[in-house]
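Take a look at the following structure, please.
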Amino acid sequence: MKISARNVLSGTVKAVRKGTTTAHVTVELPGGQVVTAAITNESVDDLGLAPGKAAHVVVKSSDVMIAVD
Amino acid sequence: MKISARNVLSGTVKAVRKGTTTAHVTVELPGGQVVTAAITNESVDDLGLAPGKAAHVVVKSSDVMIAVD
Amino acid sequence: MKISARNVLSGTVKAVRKGTTTAHVTVELPGGQVVTAAITNESVDDLGLAPGKAAHVVVKSSDVMIAVD
Amino acid sequence: MKISARNVLSGTVKAVRKGTTTAHVTVELPGGQVVTAAITNESVDDLGLAPGKAAHVVVKSSDVMIAVD
Amino acid sequence: MKISARNVLSGTVKAVRKGTTTAHVTVELPGGQVVTAAITNESVDDLGLAPGKAAHVVVKSSDVMIAVD
Amino acid sequence: MKISARNVLSGTVKAVRKGTTTAHVTVELPGGQVVTAAITNESVDDLGLAPGKAAHVVVKSSDVMIAVD
């Protein structure tokens, strides 16, 4: 499946923390930076997410902001 | 200013392309991956965004999806 | 590629209308309802979107609201 | 109330599952496809959402992605 | 129509600026603060938005961030 | 830090309610209207959010909808 979201960054799952309905998944990118995703617990199970697994971080360009110091 | 968005990734502006109201800005992360943001033309001017400028990519964790092959 | 977004609805592209940077794509679902997506012009070209093409509408559950009359 | 979101799809509530603060509500569309919304528990109570109730799924066009196989 | 979005703030349209596909609409709130919405040109026409018109600003709680100095 | 989000509204934290992973924070604006944000529990702790604290509500213009009666 190819998706219209402009940002598809590859990385590795670092940690998965489930809440009652929402889970927080962190993915480490090649440069060492870590991205956190809030997804549903079902998605974690469906995708078989666990530390060490290869995964892509997917973000629509309209959901990305830019900041400067 | 400190913000609640979980993802604040530092990088360098690679390119800025303005439309009529919306601009597409690409930022290169340390690992070489590139993130595209769709922001308003006013924001580009307010933040003085131009190729080579240090900038942060800011994304709410609820706007991040995970995908696996 | 399998994605964490809970909503992946199959349908058929009805129309594509490009702006300067953003395009509006409408997809018809099996029940006849039509969904509009605002995506980048590059995505339209990358995905080869054109009327009649089979496509999925993808939406994160946290981006879906419910309303009642 | 009329809203700027381009996507207002009518359907019927199928299930409501509450977490600590966030609830997952599924709505069935005429074509049989099911949409999941993550909304607050307060919204579920305010809107009186329960299986069998008529409801609209509301999504901004900028929150909709398109994917192809 | 009643909607699950937690934030429905009433105000008055201050200005409408249309792009090729996307329009920027500013709404003034009672306290004098101004909110900018990026919506489609069709929505502007459908809702008859023009300076001076009473309007609500609608935002999902999951799309709101908090920042501190 | 200066951010590309068009909407940065100042107010005062009214209440903080934590769930398992997600917290609901309400902020009162000068005109008396209240905005609810769904952010992570970590963000609440990182930003030291508590009733009475000065805070900004930050929203991307593409996440703002307009409604009329």
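By written order: A, B, C, D, E and F. Residues from 1 in each chain.
As a working rule, a residue touches a chain if its C-beta (ideal position, glycine included) is under 8 Å from a C-beta of that chain, and two chains touch if they have at least 3 such contacts.
Nothing here was measured: the structure is a model prediction, and the numbers come from that model.
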item	value
Mutual neighbours - chains that touch chain B and chain F alike	A, E
Turning angle required so that chain A lies on chain C, C-alpha fit (0 to 180°, nearest 5)	180
Same or different contact residues where chain D meets its copy chain C, judged by the half mark	same
Chain pair repeating B-C, as identified from B-F, A-C or C-E when over half of the contact pairs by residue number coincide	C-E
Centroid spacing, where centroids are CA-atom means, of chain A and chain D in whole angstrom	23
Chain centre separation in whole Å, for chain E relative to chain D (CA means)	21
Length of the line joining the C-alpha centres of chain E and chain F, rounded to whole Å	16
CA centroid of chain C to CA centroid of chain F, Å	30
Shared interface positions of chain B, touching two or more other chains	1-6, 19-20, 22, 24, 36-40, 43, 47, 56, 58, 60-63, 65-69
Touch-based graph of the chains, sorted into line, ring, star, complete or other	other
Chain-to-chain touches, reported pairwise for every pair that qualifies	A-B, A-C, A-D, A-F, B-C, B-E, B-F, C-D, C-E, D-E, D-F, E-F
Chain E-facing residues of chain F, complex	3, 5-10, 13, 24-25, 27, 29-33, 35-39, 43, 47-49, 53-69
In the complex, chain C residues that touch chain A	1-6, 37-40, 42-44, 46-47, 56, 58, 61-62
Footprint of chain A on chain F - complex, ascending	1-5, 19-22, 40, 60, 62
Contact footprint of chain E on chain C as seen in their complex	17, 19-20, 22-24, 36, 38, 62-63, 65-69
